[in-house]
Amino acid sequence: MTVETRPSGRACDQLRAVRLTRRYTRHAEGSVLIECGDTKVICTASIEEKVPGFLKGKGQGWLTAEYGMLPRSTHSRMDREAAKGKQSGRTQEIQRLIGRSLRAAFDLAAFGERTLHLDCDVIQADGGTRTASITGAMVAAHDAFAQLVAKGLIPAIPLKHFVAAISVGVYKGTPVLDLDYVEDSDCDTDMNVIMTDAGHFVEVQGTAEGAAFDRATMNRLLDLAEGGIRDLVKLQKQALELAE
Amino acid sequence: MTVETRPSGRACDQLRAVRLTRRYTRHAEGSVLIECGDTKVICTASIEEKVPGFLKGKGQGWLTAEYGMLPRSTHSRMDREAAKGKQSGRTQEIQRLIGRSLRAAFDLAAFGERTLHLDCDVIQADGGTRTASITGAMVAAHDAFAQLVAKGLIPAIPLKHFVAAISVGVYKGTPVLDLDYVEDSDCDTDMNVIMTDAGHFVEVQGTAEGAAFDRATMNRLLDLAEGGIRDLVKLQKQALELAE
Amino acid sequence: MTVETRPSGRACDQLRAVRLTRRYTRHAEGSVLIECGDTKVICTASIEEKVPGFLKGKGQGWLTAEYGMLPRSTHSRMDREAAKGKQSGRTQEIQRLIGRSLRAAFDLAAFGERTLHLDCDVIQADGGTRTASITGAMVAAHDAFAQLVAKGLIPAIPLKHFVAAISVGVYKGTPVLDLDYVEDSDCDTDMNVIMTDAGHFVEVQGTAEGAAFDRATMNRLLDLAEGGIRDLVKLQKQALELAE
Amino acid sequence: MTVETRPSGRACDQLRAVRLTRRYTRHAEGSVLIECGDTKVICTASIEEKVPGFLKGKGQGWLTAEYGMLPRSTHSRMDREAAKGKQSGRTQEIQRLIGRSLRAAFDLAAFGERTLHLDCDVIQADGGTRTASITGAMVAAHDAFAQLVAKGLIPAIPLKHFVAAISVGVYKGTPVLDLDYVEDSDCDTDMNVIMTDAGHFVEVQGTAEGAAFDRATMNRLLDLAEGGIRDLVKLQKQALELAE
Amino acid sequence: MTVETRPSGRACDQLRAVRLTRRYTRHAEGSVLIECGDTKVICTASIEEKVPGFLKGKGQGWLTAEYGMLPRSTHSRMDREAAKGKQSGRTQEIQRLIGRSLRAAFDLAAFGERTLHLDCDVIQADGGTRTASITGAMVAAHDAFAQLVAKGLIPAIPLKHFVAAISVGVYKGTPVLDLDYVEDSDCDTDMNVIMTDAGHFVEVQGTAEGAAFDRATMNRLLDLAEGGIRDLVKLQKQALELAE
Amino acid sequence: MTVETRPSGRACDQLRAVRLTRRYTRHAEGSVLIECGDTKVICTASIEEKVPGFLKGKGQGWLTAEYGMLPRSTHSRMDREAAKGKQSGRTQEIQRLIGRSLRAAFDLAAFGERTLHLDCDVIQADGGTRTASITGAMVAAHDAFAQLVAKGLIPAIPLKHFVAAISVGVYKGTPVLDLDYVEDSDCDTDMNVIMTDAGHFVEVQGTAEGAAFDRATMNRLLDLAEGGIRDLVKLQKQALELAE
């Protein structure tokens, strides 16, 4: 497949430009603006000095995530969920995914009876907001834990492994990496893959929007995702000024 | 792995006993009780002679699904969602999955401006309620469409292909098919796979509950699922008295 | 009045066929499927080892009930209450009635600080779902308390007296027992009567749907109900294998 | 039973003092303050020039009721239902009862495609608020319909018959009429009876709060109610300056 | 401006007739009916022997207010907020204003860990319901505190200063005091002013409904308000039989 | 008062640094980031080609506003309103204020049957978020209308006058302009003033948080606001590249 095939001119296995801006807002323990092409998400990590009821007295921590979109982050204005009085099924699905993915990255037993709240708020959407949220939240969470270390409250960042997320899909018959909105609206298959820096799977969610897809396509999509995740983890570590 | 390893004594690639009872209740156009071991779900398909607002006048149909659990379908009693005043994120995630999967089975353009409502209500839970719901709803939907054909309202069942669903997972280090509750509560990885009778993927949702899993495990899990789905589609067609 | 008058051919004072199936589902302490003609309700009784706040520390128990209908238990599909985000006035009225009626059957002071939750879920409706719920829940509650006795947690089943419930009404001018859906939709007066095995009233709820009714009709309806309840209590005790 | 038995000194068959004040507030088509002893309810009747969706185009009217209590109408302050975001089961039960009772009083087919809204708001509670609401709403509705007649919009008040409501109960072993709060809090049986001016039943709702009650008691309670209703209807007609 | 200009014939600086009826209902610690012309509000003050969570253990009290309108207090019937399941933005704005204003009147540190609940329920509306609520609630709160004093629970009424509230506005180009509904519906500017008996401002809320208004008008409106408040405080003290 | 008195070192009549960034996000017709010191609000203006029901067919437009805060825009994390299922009273009060203020700026009769939605989302809070929202929304709305003009849909921007908003207050006894969070948390009086470019009042909302304030203070506060608004309007016009 030649680059002409994708509306953006990207190669099949090419990520959009990714930018990670740390300390984007002042108050949160971790605050990251992640930009993946035109998709922009503010990811904040907040430490709360208590755990939910079901964990009280167990000596371990908790990590949870919430997701939202500004009403006009999208092409046409969406109703505000706070005004409607409930979060959509899509929103809940996404925030549950972010939470599960990030709980795989950190050792919940190693930061005391604290809760890490991750808030991922999309200020501009162009496809891939849930995967950008996970990739950005990883950096924000790392910063928040680093602050606990700096304050002497925990001995080390309770890191199990880095996680990052990317979408892959079949666009006009060809498997491609990192769908933008135009591709996403017109693709046959859409899969979100969350992996660790060791190349292991944390979560895979694939949906045939149009035709069902075969095993060979599945394999090609997983290959593409593996490559994309490798690059994203590199960018996360650079942003955090960590040796790879 | 010997059969001793699974609490139920099943082989790694062995489904639980599956029973599909059609015409389980009187009023619905399609009504199926699906039993997969001790998991029991009533799946009804109801035809409504109108479509949601966003489809009005487009000459096509719609298919949507809802899912619920009786409060004491589970080991300990759960709060009733109707009394709490909202459906949990898990419930919404599951009913969205059922809807997407069944929309892949039928041609929405081929049954007029009608809505097919699928209701999957778990009366007894022992793992795998969402996959049982999809497998059972396929049969209920087929019966409902058959009734439209019998009434002369549509020329043929708008079938694209059969779909069935099964879970696979890594239990005590070994990939196994069709997790029951005991296995599900103690597994490292849990994946739900929805496939067509042609062996193509409609949906894949895998989560590493414990350790992240590698590509080889992924491949073994997909193999197991493929075998399970093949058997389930056979059972669906037998229940419907269709040639395979 | 001859039997021809009722659509079902039943005599004026004749119950529909009643079937009580105990241990219908596995997990609940008491689980009964009650079938009254085509009306089918799953009644489960669950023991919880605590009481609501207003009873804490008072050394007594509590009993409460919830009621629901599967969306397609009825002739045309009803909206799911969990999806609408609230229980209808009718649902609340019915579950309050079930709770009051069963609290009259048991001695709340005699089973410790425990709550008995009764869940009555209609899987097929053909009139009389609230009375079937009460009659079935009586048996499920009895089973649940028997389990507490078997575990040595209470010395005896805290039974005050059996309760059962039945509807009576005026159908085409004639008082009849146990209205089915066809009769119920077309009756002038509908009364639900809940009585003890001693023939005393626990609750009476009568409504003139059409014309107001006179005292003589009231008396005839109460006579019919008394007979029906006597038969139902006999069936409850048989199902429980108790001497009458 | 001597009058000493009742805390208020009333005879067993004696109503509290009843006062009906018409045109209590300015804006409503009918507005009545009903006082039954210390129970005070504002009943307004509002005409709306349309019917609910299910009646559109059928050429008939509708009548519906809502009920509320001011937070401090009671001995200790109750939470405000508007602030809690939902009406209690008790409130819904009561307003459904008021609506059914008043629909029995008027001919819905005889006032065009209009809705009569009855609002019964308790400003001071001392037992019997639901029966006072019905008795007062009867007068408010009559006034509202009279206004439609006066404007020439309908030829006559669409009256089928007057309805009034009263409670009866067993207090310290003795059947009594018109329970006040002190009696109501300590009674064995509580029954609300709604009857027409012809002495026919519109609704009967009896509950054994303590011991179940026998048929003889039932009969005595209905006798008491009959007498009370006769007096109340007389008062309604006097208030409306109608010949009895 | 001559008196002819106002629909009511009042002078620009003339209040409507104000009547304060104490002990209007029986149960509340303070209960006042305030009538300002045709606007009628029941203001009750209820003492609760605890404080909200955020004040527990701090040794001080709390004061909070709620506001409601009977559905037919207005010209055309409004939906009941309890039935709609939420309070409007207007209602919340008003009850927050009442609470803030009355918290300025009393010393929260001087009545122990108690909450004073103010409920302002409009039974008839003709403009100025929020200001009438504040003026009436002041008297009800005073009565409730007096009862605590009478019971020996606090040494003195924790009064900082009296507060009263009035509206002013620009009606047909002329600044006027105490707008009634007719004026309010047709005014350019509407301002609510809450002041102490010392003539100091507690709250000012002015809105240009039509044209923006200049500084000179602002000054004239504040002058009018100051006069009105002086009269209202006099009436409050008379009603409470206090020396001015 | 010397500049030392304010924590920020600002003069009493000195605004924080204000920055208006137009076209901040891509999709909205108007999108402005307003920064007032450390307070940052994204204001978007979205055109919808229809009006709410109450305006249908009247040939005029509508303008409405919504307000939200990202959960960690504040010093400690707030609960997400969408997750709680309702907007707080404060949020509703603010968005109603923004809507009223901006409706004063534009001629609703001059842009056809369209709705302008203003969304003000605070990404970082340091006091004065509601006034920043209004000042920023003015610019976003202007841009959105300019786009309608550019598309030839309306002949001219339907501007009545510019509006801007600022807070003033009494901090440690001294009236100051434009309170930041530190000052706001510790001030006696807080007033929000919305004015036009002609120096007329659109809205004034003043609250004595501590001691009530006198008329002289009121006058000084209004003087300060007038100066601040003059500067803000200048900045709005510069941002829009309009002659002043």
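Chains: A, B, C, D, E and F, in written order; residue numbering restarts at 1 for each.
We take it that a contact is a pair of C-beta atoms (placed from the backbone, for glycine too) under 8 Å apart; a residue touches a chain by one contact, two chains touch by 3 or more.
These numbers come from a predicted model, not from an experiment.
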TODO: Please find the path from chain B to chain E through touching chains that uses the fewest steps, and give that number.
DONE: 3
- [ ] Would you kindly give the rotation angle relating chain C to chain E, two copies of one sequence, based on a CA superposition and rounded to a multiple of 5 degrees?
- [x] 120
Task: Interface numbering overlap (same over half, different under half) for chain B and chain C - done: same
- [ ] Please compute the C-alpha centroid of chain A, do the same for chain F, then give the distance between them in whole Å.
- [x] 33
- [ ] Measure off the straight-line distance from the CA centroid of chain C to the CA centroid of chain F, and report it in whole Å.
- [x] 60
- [ ] Could you tell me the distance, in whole angstrom, between the mean C-alpha positions of chain B and chain D?
- [x] 51
Task: Between chain C and chain D, centroid-to-centroid distance (C-alpha), Å - done: 28
Task: Per-residue overlap in chain F, given as positions that touch at least 2 other chains - done: 85-86
- [ ] Moving around the ring in the sense set by going from chain B to chain C, list every chain once.
- [x] B, C, D, E, F, A
- [ ] Spell out the part of chain B that touches chain A in their complex, as residue ranges.
- [x] 86, 89-90, 92-93, 95-96, 100, 104, 161, 191, 195-196, 198-208, 211-215, 218, 222, 226
Open item on the list: Under the definition above, what is the set of chain F residues touching chain A in their complex?
Closed with: 25-28, 31, 38, 40, 42, 44, 46, 48, 66, 68, 70-77, 80-83, 85-87, 91, 117, 119, 121, 123-125
